[in-house]
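Read from first to last, the chains carry the letters A, B, C and D; within each, the first residue is number 1.
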């Protein structure tokens, strides 16, 4: 397929590379052009405007936040302006439900198609084309995009025909990871103050009931206590909790653990943790307890 | 080894059976004698008083709560009275840290040895001798007990030479399970109100980042919404949160998610949920949100 | 002084009347013209556009939310367009800090002056010209407006020369009232379940340490259990908590009670409480406890 | 009346003095005899054992906690042993509901009468005989004690004929004060970070809706930031929250603000605040926010 890719951060670059490797005809765009070079070396075509990347069957967007995506889509020579009728905008960024709803309406009005396809997995998984794709959109459109999802991920989950619901699901997943971080942080504060070694404790947990990658990854970070460089920076975690709470508020769903996570991120950032990995909130319980 | 076993509930009966099967010489006691019969059929010796079960190298206790264990240990013809000098009391119940500390002192004074060896795993794991044993006590004593732990479990974790610390670790594990239940409950309330099918959502979670048994087991219960018969009843979950908070208070560790779980159990029980499985707290977020 | 008044709800109408009674030359505007009639009967001049009310030394605005104020200020023939250079826009609505900041900038650019002057007090206090005014703005501008504040209130508090700070203070006050409602609700749930009569309990509280109007007013509502008609509707309370949390987030201040209030309002509204007085959140603790 | 008084701390000494001044025949006891001297100087009779103070119509007890009261009542030559049949034990300490229930039973069995009469008010109020007495017990017994309550307080509130309910009410009052401290702490953290002077802010609050002594007293302490010497030490505040939560648990009442207060006290004490006034928890929100 002929496909564009907008946004070549760690995740985006790896996803675009997977598309190239799978044999698709890929055109890439990034705000700073330099980041297109490794992709060009793989065989992608690098362009200097968003619109130029929108000439194919579909275009992926993978950017940091609502603001970045809004600029790309609604700006002059943006996605809305550049995408042919019936072509598909596949949004993989973790964005707000409100923006996703706005995109549904805007693309429909422009005679274009829109799909939300946020992904689960860290950069290593993206590089190995092992992401999990949560896709939301019309069945026929999703079917058309299937070869693209297969190129970047190991499995695609279709839980709704409405794109914003895929965004809610992605947010809920990040909320669950945040819950794991906080609860591990509390448990480790407790056993740590009782004199137990954090690494040995974590080994016990992940060898028994909690043998999921999320416990190993984040438990290891908390036990190690090294939060720089950030794999996923605290302000991004904070943003996802904010978007989760906004989605929950729109649906009138109280989520007390999400509220707690919100307070944790505010504390972390107020105390200078802006550059740390989001798992640094997992040290706040220990800090409160005087450790 | 010659070993006694006190308390033949679902877990205790399975553990005692494992000991018999592993070739140990096992004497069993239960408050209601009837429950000793299946063990006797396997080859265990059934007795009618606690003291009679205390004549060997070691005696396990596996009962519901502090009160039951206190009665067994400190009562007339109890463990303290019946256990030979230098023999070992292995406490596998989920009890308070305070009682564990009291047992350390009492057994030491009586010239006996004491080990805390709570276990992780549900009755099925106990029946298959696949429990995880978290053992706390003096190194030499734990070494002496190793054949017994091997008979009941697939792996033994030694994280402290102090028995009460093993109890803290067990409590922290149940706290973490409670956190999983609550966070899944909140996430499911959110996506459920957005129209997503709970089972499909859970399948996505457990096929990706959250592929641990604890997510499958409890997520399945919440998605299914059937909480009777209880595998682990709400008052037991409430008890463990209470003991976690008590342990945390003794060490001056604030644990806000544990506080939230406490409130959830009070709400569940106030509204008639006393006989439900503890995972029923995972429905409260949905209920609050009007679902 | 020659002064306009925009927004004649319960509060605005009473404030405008106070200005007329104090001898000021008052021009009033309301979206539905009908509400201007009682003011006209008192001697105010009623007009049909916002701009017509902006011809004097100052213009008050007192509307329901950000959206209503934005429409009035930034719309065609709005305050920005209609207010003479150097005249003052006095905003008394409970609005977001972000909007307040935007108004500061917009009026400065237009050569106009801007003051935030939110008020504390319910409609009865407004009718008696007994409001408390929290004014934020440049000292000279506040001095110019002093006769107007004196006309509507019993006392003016000047805590900052920056208008948005006055909005933060107003929001913090409503947060404190919300905290009183929630804590009274929890205390009444406790003593109520112990068999104590709520009214007698409240009488005890307000005769002793808690003899402030806020305890009498809201305690009475909770004890009485009648939340309709709403003096201040739940969605308005929810809005103020939302704005408080937004202001706190911008300053990196975690406020766990505010987070709790947020969840309470979501629960109340999810369960059909949209038309109730905001003090109805004070019944949720009792409800959770099965009362 | 002929009355004994057990426990001459700041509060007890002032209450005993009020009884003497009102003309009652007072015998006083304190663990360290020295503290009886000022009372003896006023005309009280000082004795060296609890039992000697129990010979009259009634005996007050006013001690620090459950443990101190248990020692006094159940010990050799304690209240139970020393009090004549039909005489009244008036317990004014802030004790657990569980101990209050135990005292009801023990005194009934001994043919004695028991009343809970905790008080609201700080030492200054006790010295001025201006306490508020919350009395729980049988109507006839309370009537018999009325002259004593009048001697120490300005008003007596009778909300239940069951002594433990008076204890719940006292605890709920301290919970409400704790809620005021926490909510003021959060509000002051917010406005403080916006640059508002805390004292001016407090003056505004207490001149308007929050003109109750509790806001003035505790707000002043938080604004001043000086928490030593403690008027009411943090561990006492923590104890009262613990007892409130225990009472609430016995009645299945979730109280999320009480849970939050619990965590706040743990944090304060973990960080070395053991000797501070309990209002020091009102600085934790500011601290979390990096102030």
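We take it that a residue touches a chain if its C-beta (ideal position, glycine included) is under 8 Å from a C-beta of that chain, and two chains touch if they have at least 3 such contacts.
None of these values were measured; they are calculated from a predicted model.
Listed by label, the chains that touch chain C and also chain D are A, B.
Ranking all chains by how far their C-alpha centres lie from the centre of chain B, first place goes to C.
Look at where the CA atoms of chain A average out and do the same for chain D: the two points lie 53 Å apart. Our note on geometry: chain A versus chain B, Cα centroid distance of 38 Å, whole angstroms.
The mean-CA centres of chain A and chain C are about 39 angstrom from one another, to the nearest whole unit.
In chain D, the residues that reach two or more other chains under the touch definition are 248, 252-256, 260, 263, 266-267, 270, 288-290.
Considering their complex, residues 263, 266-267, 270-272, 288-290 of chain C touch chain B. Those residues of chain A whose C-beta lies close enough to touch chain B in the complex are 120, 132, 134, 155, 157, 159-160, 162, 164-165, 168-169, 172-173, 175-177, 179-180, 182-184, 186-187, 189-191, 193-197, 200-201, 204-205, 207-215, 244, 247-248, 251-258, 260, 285, 288-290. The part of chain D that touches chain B in the complex is made up of residues 242, 248-249, 252-256, 259-260, 262-264, 266-267, 269-270.
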